[in-house]
Amino acid sequence: MKVGIIMGSKSDWPTMEHAANMLDSFGVEYETRVVSAHRTPQLLADYASSAAERGIKVIIAGAGGAAHLPGMAAAFTSLPVLGVPVQSKALKGVDSLLSICQMPKGVAVGTLAIGEAGAANAGLLATQILACQQPELLAKVDEFRQKQTDTVLANPDPAV
Amino acid sequence: MKVGIIMGSKSDWPTMEHAANMLDSFGVEYETRVVSAHRTPQLLADYASSAAERGIKVIIAGAGGAAHLPGMAAAFTSLPVLGVPVQSKALKGVDSLLSICQMPKGVAVGTLAIGEAGAANAGLLATQILACQQPELLAKVDEFRQKQTDTVLANPDPAV
Amino acid sequence: MKVGIIMGSKSDWPTMEHAANMLDSFGVEYETRVVSAHRTPQLLADYASSAAERGIKVIIAGAGGAAHLPGMAAAFTSLPVLGVPVQSKALKGVDSLLSICQMPKGVAVGTLAIGEAGAANAGLLATQILACQQPELLAKVDEFRQKQTDTVLANPDPAV
Amino acid sequence: MKVGIIMGSKSDWPTMEHAANMLDSFGVEYETRVVSAHRTPQLLADYASSAAERGIKVIIAGAGGAAHLPGMAAAFTSLPVLGVPVQSKALKGVDSLLSICQMPKGVAVGTLAIGEAGAANAGLLATQILACQQPELLAKVDEFRQKQTDTVLANPDPAV
Amino acid sequence: MKVGIIMGSKSDWPTMEHAANMLDSFGVEYETRVVSAHRTPQLLADYASSAAERGIKVIIAGAGGAAHLPGMAAAFTSLPVLGVPVQSKALKGVDSLLSICQMPKGVAVGTLAIGEAGAANAGLLATQILACQQPELLAKVDEFRQKQTDTVLANPDPAV
Amino acid sequence: MKVGIIMGSKSDWPTMEHAANMLDSFGVEYETRVVSAHRTPQLLADYASSAAERGIKVIIAGAGGAAHLPGMAAAFTSLPVLGVPVQSKALKGVDSLLSICQMPKGVAVGTLAIGEAGAANAGLLATQILACQQPELLAKVDEFRQKQTDTVLANPDPAV
Amino acid sequence: MKVGIIMGSKSDWPTMEHAANMLDSFGVEYETRVVSAHRTPQLLADYASSAAERGIKVIIAGAGGAAHLPGMAAAFTSLPVLGVPVQSKALKGVDSLLSICQMPKGVAVGTLAIGEAGAANAGLLATQILACQQPELLAKVDEFRQKQTDTVLANPDPAV
Amino acid sequence: MKVGIIMGSKSDWPTMEHAANMLDSFGVEYETRVVSAHRTPQLLADYASSAAERGIKVIIAGAGGAAHLPGMAAAFTSLPVLGVPVQSKALKGVDSLLSICQMPKGVAVGTLAIGEAGAANAGLLATQILACQQPELLAKVDEFRQKQTDTVLANPDPAV
């Protein structure tokens, strides 16, 4: 298990599954779990503080609204934590984004874009982090990026 | 000790002392402590989960930026938690306000205004909550409110 | 009657009934009433200033847009007032949130999140306030919180 | 007395005196008074509901933050009410503006710009309203406007 | 003809007809016209500068987005101008509100709320302005306000 | 005279002189004038509608707050109009930016950044537009851009 | 080929085709191409740096979210670049607008409104720029503007 | 050289040096360089695309305003890129934050908080990423975190 994907609620899954899909596409092992900062704070503490010893290398945490999950996970581990602001109902994820991103000096969260694009990119960035030590992953990322480039180049006409 | 005033950093004190001053003016006992959600998450868990048994009735938590302290305190206790958004440097407390206020269903934080006014009002609201069971406190709040009204009435001319 | 739930318009009921439902779940007595700060200002003054003597312990006020109801209710009583920003049409509740939360020093409103989550949490926080003096309510809140935790723990897989 | 200028606090006077100055420049009689929606709600009710019979034709109300004064004054009178959002410390008057402007259907506030320009324009708009029935005031407004135009025309070079 | 209702585009009519309806309910005569600040600037200049001599007492101008119509109408007349921010597609009327409200010192627009409520209130405020000199209109406004109050009082239960 | 630089007030000059300085650096002739959309609407109409026949090729208009000048200039001419949002006091130019940029279909303003950078870039973009037909100007722009690039390349160390 | 219309993704075409349609209406030749700043950065560099020599006079670039395309195109060419903020899902184009507009001194993008109106106006402004040197285009723009004016004048009644 | 710290301008150094200081505290080798996305786009392309082969493992990019540097660096490399939104003059870094964070699916930037805290945390997160493969670095991060915790615990009184 290399990546732990956690989210505050099952309702975050339609967003966060894009992180899982991205990891799948690279063949990166991961686990997914609902961990609520507010409803299961002790689980959060246990999950994050034991993640390293369980072999997790990167934690991806998605949450909406007050969105304390990524920052609190980061508070309980020295592993890199990536945060995904889930689009909230009233404020469209502005609250999620600021809550996740505006961390104080000393505890860091690498924040991605609001919503599905951010979740997918959390999966991608986690893979890039793992690729630092796994040359075969780096090759896969390069290939993904190249394919993505080729797709745009092969479809130059926006109106088709 | 009736009220626990916690804050994420010493730099929040110039704001949060207004909560302490308000409680002082009502003769309400309180304690103050720096408790950082991100730097001392275990202390936060311990502080909030043991507050009730130590006789605390209301927790006032002030924080700026990502400002997870009030919401996480609320996650570890069934006591009422009041949150004070401390004015942050870049975003002027908009981040603090949204992080504190936009809690999900099931874990509540009563949020006050950004900055000193909010801190003072947290002290006031805590006293109003305690006054539910302490008639002598209710009288003091009524007196405070009346004095405040009288001061405005006695100084009708804005230009003086 | 322990809690008074007021709102500026019938159109706020689909939001505010979540406060009522929460109080129902704890067996807390409450009354509901449409009280418009702008259309029935005298009723608001009468309602809020007489609430304490009628046995009300906490007022929950919901409003959208300019949303003066919670702050004005607080102006007429020494009881704790909780404010629920109802999601407005154009600005999605940002106006409601700022109008309710940004109270000046000396008159406090404990503000909850925008919309249904905030309304439900107003009911929860009101119960937590009442629980200060009613041990059996505290037990119910603890039970609610534990059940909520257990539900998350029992459903760890976000994809199911 | 034709215009009543009220404001929530003495600290609003440096802004609101620009309304008074504008009225002075047109020779329009006015009174000024600190009336706090939150600290003196009964005074507000009395002031606004008796304004018409005291000969007031237009009310100008300035307030910052939650800024309930203009809307609540409008709730207690059928006179035209003009609102001035005073620049607030943290949010720079965005809260004041939304609280004053976003009134529900049925009770109206004519809102001016944030700060001094808005206060001055409240004095101007009040005069324009009075000018509907006072031809000599209309002439003064026309003259003011013409002089203002002439001043720009006479100073075309921005660098001088 | 007492009131001129102008708007930047036919697409503003579903909003602005609420101003017309309000005036109808008071029996106030008005005219409606599409006047585009950007597409018919000369018409705007002609309309606004001739309005007073055609007997218009108040101009209501609605516009969305850049929303220059109210401010430019005010630039060409000494009559009171009321501005209605029409809800825009992307920014939900925040752009309209700021463009209309943030006028510089010397040319005033009384701004109402975004959308239908603001349009209706523009009709109401225009009537209140006219009522300064027409006692029978004042009675009608008082009656409208009383009826509005009575309707709330007669329907106290939000859930019915 | 190739470029007309207009601004709503002398107070905009410290911002707008950066447009003039940029044009100076390219040797592009320009004129500067205070033209207020609200205080001198007829001058604005005259200035913009006669600009083409006076040989002006591009209009640069700077304004703050409601900032109607660029859009209204564009309404009176078929020349390209570039708008510079001047930083406003309360809202820091957000109002200026939205008022200038959010023009309706059919009348366009090319909007630059808020403040000095935007003013300088308005001068640059005006020069780029003129360079379409003046090869010697194109060379100067290329040279400016190259010099700018070289300066960065020659100073790679941020700490020096 | 006079104008190059580029956009970051095919999903931007429903917005950007309004730029193409506007150019069509003036008979201005253009090309359209998907060029992604992030997925095809080298194509962007090649496209922008070779545009002038291929006869392109103006580049119109549309993008949403981080929206780096217009600014990076401007970085690689001395041609005038017009930017269209495409309405993004979560933030409705506020992100796109700020990313495109807030360029630093020395590299300019003329930014249009968010969405379809902005795209159409980019086509119009590009035509106005080309018209500087093509009198027959200027006549067409004048005619377009006149027709637009006439349409408003011919349809004065908003309710029809 | 393990980390490349780049920034758009020398004026970003007072912010970005906090990233350097953090890396220094961990003994992580890094290089710093001014690389402007807009003024030196080719340098950016060269820097980012050659970083991996030069041994760089993580890129930290800081920029303000339109802030294209982090996203464009990410477009040219498969290495992890961390973005620091530098506080901008008018919009206080909101523009920088959105430009950096709102990347489209397929090219990721891990975004930190606005300003100095974000820069310091970029250094910390880069170290955490490197620590995945360097056990001695992990120990240093753990020690840093512990020391940080101890400092808070040793200074519990906010008023001292």
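Order of writing sets the chain letters: A, B, C, D, E, F, G and H. Residues in each chain are counted from 1.
Going forward, a residue touches a chain if its C-beta (ideal position, glycine included) is under 8 Å from a C-beta of that chain, and two chains touch if they have at least 3 such contacts.
Everything numeric in this text was worked out from a predicted model, so none of it was measured.
Minimum number of contact steps separating chain C from chain H: 2. The angle of the rotation carrying chain A onto chain G, fitted on C-alpha atoms and rounded to the nearest 5, is 90°.
The geometric centre of chain C is 51 Å away from that of chain F, both derived from CA atoms. One inter-chain figure worth recording: chain A and chain E are separated by 49 Å, centre to centre, where each centre is the mean of the chain's CA atoms. Work out the mean CA point of chain B and of chain H, and you get 34 Å between them. Residue positions of chain D touching 2 or more other chains: 36, 39, 65-66, 91-92, 94, 101-104, 106-107, 113-114, 117, 148.
Looking at which chains touch one another, you get A-B, A-C, A-G, A-H, B-C, B-D, B-H, C-D, C-E, D-E, D-F, E-F, E-G, F-G, F-H, G-H. Note for the complex: chain C touches chain A at residues 87, 92-94, 113-115, 117, 148-149, 151-153, 155-160. Note for the complex: chain C touches chain D at residues 8-9, 36-39, 41-42, 45, 65-68, 71-72, 74-76, 88, 91, 94-95, 98-104, 106-107.
Those residues of chain F lying in contact with chain D across their complex are 7, 10, 12-13, 16-17, 32-36, 39-40, 43, 65-66, 89-92. Against chain A, in their complex, chain H makes its touches with residues 18, 52, 57-58, 78-80, 82, 97, 101-114, 116-117, 120-122, 124-125, 128-133, 138, 141-142, 145, 148.
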